[in-house]
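Below are two complexes that have chain A in common, paired first with chain B and then with chain C.
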Partner chain A sequence: MGHLLFTGWNCRECQTFVEKFEGALGKGKGRKLYAYKVMMAKKMIKFNRDFENFKTACIPWERKIKEVESHFGSSVASYFLFLRWMFGLNMVLFGFMFGLVVLPEVLMGLPYGSIPRKVVPRAEQANAMDYSVLLDFGGYCQYSILFYGYYNDARTIGVFKFRLPLSYLLVGVGIFGYSLMVVIRMMARNSNEGGDGGDEGQFTFSFKMFTSWDYLIGNPETADNKFASVTTSFKESIVDEQENQKDENIHLRRFLRVLANFLILCCLGGSGFLIYYVVKQSQDNAKKDQDELTWFQKNEVDVVMSLLGLVCPPLFETIAELEEYHPRVALKWQLGRIFALFLGNLYTFLFALFDEVNEKLEEEKSIKNATMWSLKEYYANYSSYHNTTDVPPLDIAPADVVRGPCWETTVGVEFMKLTVNDIEVTYITILIGDFLRAVIVRFLNYCWCWDLEAGFPSYGEFDISGNVLGLIFNQGMIWMGAFFSPGLVGLNILRLISSMYFQCWAVMATNVPHERVFKASKSNNFYMGLLLLVLFLSLLPVIYIIMTMPPSFDCGPFSGREKMYDVILETLEELPTFIGNIVGYATNPGLILSAVLLMVLAIYYLNVTSKNYENANLELRKKMQMARDEEKNRRNNKETTNQAMQYLEDLLPNRSLIPPPVITEESALSKSSKVAKHPGAAANGKGVNLQKDVSLASPNPRAAVTRPPGPRGPPGHARGPPPGPGRGRGRGAPPPRR
Partner chain B sequence: MLGHKRFSCNHPSSTFFPLSRLFYRYRDLAPQLVPLDYTGQPDVRLPYELIGSMPELKDNPFRQRIAEVFSEDGEGNMTLDDFLDMFSVLSEMAPRDLKAYYAFKIYDFNNDDFLCKSDLEKTLNKLTRNELTEEEVRMVCDKVIDEADLDNDGRLSLEDFQHMIVRAPDFLSTFHIRI
Partner chain C sequence: MGSRASTLLREEEIEEIKKETGFSHSQITRLYSRFTSLDKGENGTLSREDFQRIPELAINPLGDRIINAFFPEGLDREDQVNFRGFMRTLAHFRPIEDNEKNKDPTASEPLNSRTNKLLFAFRLYDLDRDDKISRDELLQVLRMMVGVNISDEQLGSIADRTIQEADQNGDNSISFNEFIKVLEKVDVEQKMSIRFLH
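Right, the complex of A and B next:
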């Protein structure tokens, strides 16, 4: 019968077991079929496991992130997970942009040099290939597929009659639509997973202790990571537990928090005013003669913004120590405050940009007028000279044609430069702030007066809030700039990939884990919420430009039209008339207003429903908790009351005098009646009338003593066995509990 | 090994495992000690050092306890039967109750049928390689007893442990060795 490792089974039970599973044990009739079934089951399990492994292996950087997570905790790893998710989003955006805009223009559009907008102007050709010009995105860079100005405005191109201007517009808007959809879907999925702040399981620590080690590990590196991750996980839970156990002086804490918020609001207000002042100054300076200004005056805005960005975050962190929040909550506050600070940054950038655009528009008007005038002149001269009305088109080399300033390309160039600048600043900060610092601390420690590693500079901790916000704002810039510079998304992809590798290396090599390692909130919805806000903020300028600003007259896919969205109207004209009619009706204000009203009502209804579900959820949880506590108490009470019984029993003077306290489940009423019936029985004389004592000592005062105290049974039985050790059942059936 | 009945028979077989692969693994640990012919039921015991150096076990912080629990002499020196038992219980196919029973015995360092505070402390220190401070270790052990101890005797009995481990989502997948 092989090895049957079950305890407490006797021979007969084992035999029936063996007969039942005859086939499984390799003997008897069902053997072959069962063996086959077992083999198929095993193969299925193996296949599933392999497929899961394959799916996991396809996810990029999984091992890197797991390594970071084991050593630094889930909060630092959440930044890298967010980075990876952004990479996925940008890949899709790149796919759209590249496949639907860049590729058609390259494959089916006119080549470089054929029309004016695709050629470097004669004046600039001398230094179009210079390294410094290229780095500034001028020269050949500017007149390439990277920027808006290169694209031609022909309604259809190539054999397939691909409508490039329409595609450009739709992709530009579609990028926002897709991003919005993805972010909201992620937020919804996250909120499903049980909410914020970690879960309060019943057995958190027990599960961690007994089920966290993976017995499958057979590799020393993996084992190292596992040890680190288990330790970090325990530390995180300990931090959470300590927060729960902290002693609260509520009033002092509230006062400190209000004070901290007030201080920070002052800081933000001050920085906002400083930014406004500096921008105003720079506007005034721009009107003066450029040679009179010092370097500082020329770059005032940049210097002030950088200083604010360097000084304010650590200042906020120091003030925030007054508040004494849980580290996870403190991180959120920090993120929110720095976000408010960076909005000021955004405001100045957009302000400066709009100024430049308006300037260019003015310039364009004058050039346009000049070009038209000179064209008229040429026709007039030609027709008057040759005395004919059939005038051949002006035959000048594309490079020599007078060109408008093309403000969209300028905007695109600004965004490109900003992104490149951002990349440089990030990498240099990491190299100096983390790497150089680590090298100095490590090597200078041997010859320094105090312990550098434990004392002042020591190794840096990974700055989660700064990096997350950097990522979010960078993505905002990409969203804003993608319409004007199709190459920007490609640049961002390169940036994200290199960031992942570089920052993973930097974290593992130069950072130490936070002092209080904390668990990232499961939902990650806070990052998503900020991202959503930035998405809306970056959507507004682009939509405004598409709807109101006139496109340049000689560059880009919308050139020559009144407004950019005219492309759609043109396309609609080409479609069958009934579609045009439908669209006409659909854009009726009355219809749109009713649709908006309906959506508002639907949102209200869904909101109320979800709140109700949340409440029901909480109620159920409370009930479960109460049931658990009750069960625990029940077991405890049995314990304590019977121990009390034992104690009292020991106190009683003579144990032989105790009448057998037979407790049944009858009520106290019968007890008194019985006693009354046998008055004579009490007068035994031998012992004390212990009826009263028995009722005091009994576990349930309501239990009846049905046996009259007088006539006692045989001595052996009379005593009533004392209760077993801690078992609580020695005195017969327990009293009923209702 | 307390309280389990064995049914010896002519050849060792496992309810959950194909035999030959395991036998050859056992033999490969010490080919000169283990004969190919087991019909005479030779009394061969492999010392703990050989078992503990198997690739499946060498990185496991609990390998010594595992070997002790499954070995007949309680010291970690395993016969073929012990070896088969061990991998059988730790395989994918073993039932949950059986695994819980043996997990309990593995974590019971002083073999007193209870997981008392010192057992928990030893488990925790092995898991974290002594990285936690004493206060943290104490807090965690107190919390574990607080969570899982139902009969309030300050230590975990088998019922307490089983009651808790039955609700663990990861137990079956982590308490598993593939060979």
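Right, the complex of A and C next:
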């Protein structure tokens, strides 16, 4: 209306204006349509909001993880977030495997019992249903969709002419491709967010003080959680502050760190040699007669690996105390070292596996020769007996056919057994190491000489590094084994779900928060980096096998072919010729080499530009910080100068009379020297006292942080603690009350 | 209850509240029915006990501070707040709409402007209404937020550190301007707004 009044329209323009917006005014021609549009817009907004709420509610386990986070800090919660992300990844992989490989074979392939590879051999049928055999993944388990050997090699199956062998190969490789893509995308996204930290270093404690409580909380449990998380967040900031203020004796610290690294390298070298020695011994033992060996000699490798896994991590942690890193950095070092240790584990497993595979290949050659020879004999006898050349095929029941040793299924079985073993060991460790320990400490404490809770065993802390590495290595095993055992991914899904519930329960019921609660690094890139490394390590053996090893002659989707990737070549032959030509040109070595060269140059260029951006960013930030400090100093200094100085300052434009900008801390120190005089406290440079040894006020520092806010009185109670002389008034004169 | 509610609230009153706070007609009616449902004594005003009966406020450690904010300063503990006062406090939480910025620039700032929102938050901490947040007031808030899980010495250090970060004129307390400076990067307009359904 104001607009209309001031622009002085004439009558005609007013009329057109009113007609145009008639609908909005609720009268006239366009009313119904406009009202309808408005109603639809409102409904759309409401629908969008509800959908967003629904999407957020669908995120699984969110409340559980928030509970863990509020009691144990963000570093412990980061393990559970990582677990949940892994679950998502595995669901997608399971979808691929199940939908594109297992389901077609089950629905459209031949049923159990029709061909030799799908039947339990006659010799094993007696105990194929035995519980112990099934637990070992033999018997009916072995000849089922769980393993490679069940799948038929017919080029197309069913009504839809689904190409199962091609699908199997593509899914096997596609699993790696998808995982790679997802991991790298996650890393890229994390590194973006990490750069936004910016100036939150400016007002850390003020922010926490004024903005941490969430006034919208209405649920008592949530309030307790929030209470605990506020406490934890303060403790984390205190730890960060302590780290920033530590005394630096550079030379001593450097020497200690070099010493610690040297010791740990010795340990790793020793364990590597021990593993090598034990594996060699077991290989020699395998050639001897099995009955002569003791139990120890038969299981040497397993025993040694378990011992190393139990002894070395605590040893590394003890040595790492020499280094005195920030807890977050120390965690990374610990992860790296245990990773190196576990690599030895992996190496022995793969070594043993390859030995077994080679053995089976030898066996297969002999069986293959024997089978062909007997077939030839059969034909020769038949044609000579009946004097015809039209020989009907051999009619033997599928269970009686002589079968090759099918090494791929054996490999699949090994991976399955390893995963199951891993699950058992993890759960038993948690039950005994955490649960039993907590029960003993809690109940035996009543009749024991010293305080079990504060003293020796006490409650366990959640072992972040061990669990994260376990998760990463487990995923590596899954990646390696998925090609040979399609059922493995399904098993992993079950394992991840049960792990989430079980570990959440165990953490809340049996663990206490770390003594020094530290904030997890903003980006999860360290875990992602390890995962990427493991992904590459598990990609290599599978690709090698696909490219070089010959598939079994009578089991699996690639049976009868020279190499596994021959399926692709066969498919290419069926397509029109020009596609074949294109592929032929594309695989020309010259073309591939130039493409690789181009990519290397692009990577180098992008690397250099990103470094430049980082530098520019840092410079800008420094400039902003300097400007802020100058302003603060100027404001502080203005109060102390008198009139004359002020007048002089205003005259001289270059402000040369102002003392050079002092470091903020020193000027703040002069202002806050009054503040820091706690009796008997050591006042250090920043004027804030944060002694390292001052722990919680409560007598037992290791009690779980579950003390909820004290009971508020009945309605009508006075508001809050009365502002009487609190313990905070340790200074000389209390501030004047107005 | 419905008819009674509308007869007790006259049109002129609704208009006045609308002008003062910016709420729409339907919002005011709905908030009035909430007001009457809280008013157990049925005398047209709310006391502190009425507020404490709300379960969500009762479990909130800082709930007493929120209740405090409804009662204007200067009165003693036996005071009551009428509907006008109730709406005036709630108006601080109305979302800021864009077209409000084009209104008459000479009128006083609306109750839900950024400065007024921050002033509301400031008054939650400044108990004695002296326009400064002193170290003791910070300590009280801290003790409410973390209880006994952190030692008093560390709490004292946190309070000192907070003042050191925020204080610019060196008086060892946080004035309203310094408070504004601390929170200048926080999206107060969005965080301190509640969608009152129209």
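In the analysis below, the second predicted complex is superposed on the first by the 583 of 738 C-alpha atoms of A that agree within 3 Å, B and C clash if a C-alpha of one lies under 4 Å from a C-alpha of the other, contacts with A are read in each partner's own complex, and residues count from 1 in each chain.
Operating definition for what follows: contacts are C-beta pairs under 8 Å (C-beta built on N, C-alpha and C of every residue); 3 or more make two chains touch, one makes a residue touch a chain.
Worth saying up front: this structure is predicted, and the values here are computed from it rather than measured.
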| item | value |
| --- | --- |
| First (chain B), second (chain C), both or neither touched by A:Val230 | both |
| Which superposed partner A:Lys632 touches (first chain B, second chain C, both, neither) | both |
| Touching partner for A:Thr211 - first (chain B), second (chain C), both, neither | both |
| Touched partner set for A:Ile45, first chain B, second chain C, both or neither | first |
| Touching partner for A:Val304 - first (chain B), second (chain C), both, neither | neither |
| First (chain B), second (chain C), both or neither touched by A:Leu531 | neither |
| Set intersection of chain A contacts, chain C complex versus chain B complex | 202-207, 209-213, 215, 217-220, 223, 227, 230-231, 234-235, 238, 241, 632, 635-636, 639 |
| Contact set on chain C toward chain A in their complex | 48-49, 52-53, 55-56, 58-68, 121, 125, 127-128, 130, 134-136, 138-170, 172, 179, 182-183, 185-186 |
| Touch list for chain B against partner chain A, complex | 3-7, 9, 12-15, 55-56, 58-62, 81, 84-85, 88-90, 92, 98, 101, 103, 107, 120, 123-124, 127-129, 131-132, 136, 139-140, 143-144, 147-148, 150-152, 161, 164-165, 167-168, 170-171, 173-178 |
| Residue ranges of chain A in contact with chain C within the complex | 199, 202-207, 209-213, 215, 217-220, 223, 227, 230-231, 234-235, 238, 241, 632, 635-636, 639, 668, 671-672, 674-676, 678, 681, 687-691, 694-698, 705, 707, 709-710, 712, 715-716, 719-721, 723, 726-730, 735, 737-738 |
| Of all residues in chain A, those that touch chain B in their complex | 1-9, 14, 24-26, 45, 202-207, 209-220, 222-223, 227, 230-231, 234-235, 238, 241, 631-632, 635-636, 639 |
